[in-house]
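By written order: A, B and C. Residues from 1 in each chain.
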């Protein structure tokens, strides 16, 4: 992607925290116009290699300069920016080339309640609605069509993309990023059975989200029944994730796409849940628990580590035969036991 | 959560259908400002206990009064409101403290087709669009940014939150609640294979939703191919649920988050599908069928009861060993059979 | 569904590419007002039978005429329109009776950047936002509340329903259809671990979507990290599908509801992924791979064919017993082996 402006290589080194002597065979004054993959990079681009497996592609790349480790630089007879952690350097560098923010200012079509307090340097897009007593911090950006309820808070530099919905009593900390279609604060799913059918339990808690939290497109975080649903600092949530009422997600945990977490469950800090993992309600995962894709976790986990469920895939024809046996497993064990006794 | 106003305890007893003599050690004139969890309640709050396991928390709570059963009241030497079903009483009570409805009136930015008929006492928010020949019942509320197509109907007191989308020919009964981001009436997924690729089957049916139906945030209910998709009275649907074309969901069934139901499947009355349950197309579930989380149901179920699929989780290291054996199960049975013959 | 106008039966035959002599016992001048299911059709409707199993319903139908194969027509003593592939004929016919498009014109409330180029004969609904340097092709339709970013492209006759969001640098080809709530171009889920927590990798690639692509309600297609995410021609995507950054979906593949595909995975041409199938990241599926519902695919598949994972469902009581044995499978195999040795 083209940058809004060019950067000299020495500026780039500085931005990612590399020392000037980290340039190898490279002109510090080289003008860099963009960041690109090894395959797509041109001579005015910077690219990166994280792994010896990509050495061939790195040699073939037309990139003007490559970010890499000292070890890889040894094997590359070309301009490099040498760092200890190229992937992290790439992450830091990506910020320089990110899409420009929308212009500051409040669009004339935005509907802001007179009691709302709007910070300085904000960007409020067309058709945004902001409710009573809501506070928007300095340098926040709110995309077109986003609706923010009453008594909400957005910390400084937080950004809601277009068509996000925040219900009443939702707070986000500083430097949060919420993608389009996300819905924060909808009613938790609570009903009491009665002879007349389900009686709705009105959901009176809000949602409290910490700092540096990212929430993916079309994800849902429901409001608590009485106490709030809580997302702690640094949590990263991918698209189409469902977080039910009164869940708590611990610091720096990351939830991949289509994860679902049922009511009142607590996830510790630094956990990772891979795609479409499901957690039943009212359980607790310790810190540093990692769950592989599509696993269903049905009880609390107190030991850090990696957990899995499910079966491996195979050709449907073979799978059918093996799967049919699953329903005979208990009987199988009994038959085996009998054989063992008889031998 | 703070109420808009205070209620005397005797009013609260009345609201939940308890008799005045159901107050124990409690002043009927006590002013109650809110409903709170045992842990968070203060002296002007009412809270509730449903279970002996929470007796300790109930004793420690600062709540002014507790809703509980006669049995629990015996063990609590404090102010109680005694009822047969505390959880149901809590549900009924939650309504008193629910978030206030948006003010009635039609926002000047709403775009309503001249042929649409709008009832009395409605609330139509900013940037709402209402199409030709659509009818909105009395006391309905339509949140900001919600788009309603042509020939739709909304029964009395139904509420669509912000940023909901209804396509043409979608009808909802009375007292329905639809959360933000829900899309009702998008095309069912129908294509005929041909030598030129997939040929779209235009979806001509609508969606017909009964009374007292709740639909969660970002859920999708597709329109029927020819006949409508049908959701019967009292059905409760959580967030991110997918209901395909020509599905029918029977009365008072409840679908938890991320459930997916493929085309033309029928779910009976009073069923519960837990989180991320999947039903294939063209099957029928009897009344009172319950399916546990993440199970995949691949054929019709004619007997009421509880059904499950999947494997238990374990540490990934152990799981790998056992999962690898799954693909050898059929062979295992043959080996066992051979042993049995030979013994 | 009632058509906007009536069609003579001979016109209908022509529309689906049938010869005039394909009418059997039917008046070519018969006025057809709509297309309906066998059960709901009235005398002014046309319906269809694809299968001998529906012969009874076909005989009982009140439809004025039925589309069917020569074989079925033999067994039906009534007016038929005889074709080789009735389902395909139905698909082609459905187009005649599809919901009318919104009127052309640009709503006065639409906010279009002066640098955007808008084609002829377009329909731009209320509160639409179109960003800088974006190009909308001729005869495109953009529904109310849809927000389109900067530097996007929409090919001719493409349609975005209401409340869709396109981020910057998203392009769609001709004849695409995007349903409400879909979000295209949100950030891929990329973070580098660091001692300060996750460092965001800004996602600089766009999304490139081919011709005749359909994208379901509330589905998400994330932008690439550096290179774009790619959806090839003729791909059909159902509701609530998650496509992560740098995925590539090959021509004419179809993805059912709630499918999830992790980053950088490539799906070949003419594949079908059933509901809630999950693909891990960085794998490749060959052309003509079919995966059954809810299966998790954890490695590349190089052979065409059908693949599955998971266990069959059963009554929870029985399932519990068998599922408990899953975690003992490896031990079971060892016990069996021992028996085999000892015999």
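Throughout what follows, a contact is a pair of C-beta atoms (placed from the backbone, for glycine too) under 8 Å apart; a residue touches a chain by one contact, two chains touch by 3 or more.
Since the structure is predicted, the reported quantities are computational estimates derived from the model, not experimental observations.
How would one label the connectivity among the chains shown: line, ring, star, complete, or other?
Contact map by chain: complete.
In steps of 5 degrees, what rotation angle do you get fitting chain A onto chain C on the CA atoms?
120
I'd like to verify one number: the distance from the centre of chain B to the centre of chain C, where each centre is the average of its C-alpha atoms, in whole angstrom.
Distance between chain centres, rounded to whole Å: 26 Å.
What positions in chain C touch 2 or more of the other chains?
109, 127, 145, 163, 181, 218, 240, 258, 276, 294, 310-312, 314, 319, 324, 326, 328-329, 332, 336, 339, 343
Using the touch definition up top, name the residues of chain C that touch chain B in the complex.
1, 34-37, 39-40, 85, 87-88, 90-92, 94-95, 97-99, 107, 109, 125-127, 143-145, 161-163, 177, 179-181, 212, 214, 216-218, 233-234, 236, 238-240, 251-252, 254, 256-258, 275-276, 293-294, 310-317, 319-320, 323-324, 326-330, 332-333, 336, 339-340, 343
For the complex, which residues does chain B have touching chain C?
Within the complex, chain B contacts chain C at residues 109, 111, 127, 129, 145, 147, 163, 165, 167-169, 181, 183, 186-187, 189-194, 197-205, 218, 220, 222, 225-227, 240, 242, 244, 258, 260, 262, 276, 278, 280, 291-292, 294-298, 305-312, 314, 318-319, 321-322, 324-326, 328-329, 332, 335-336, 339, 342-343.
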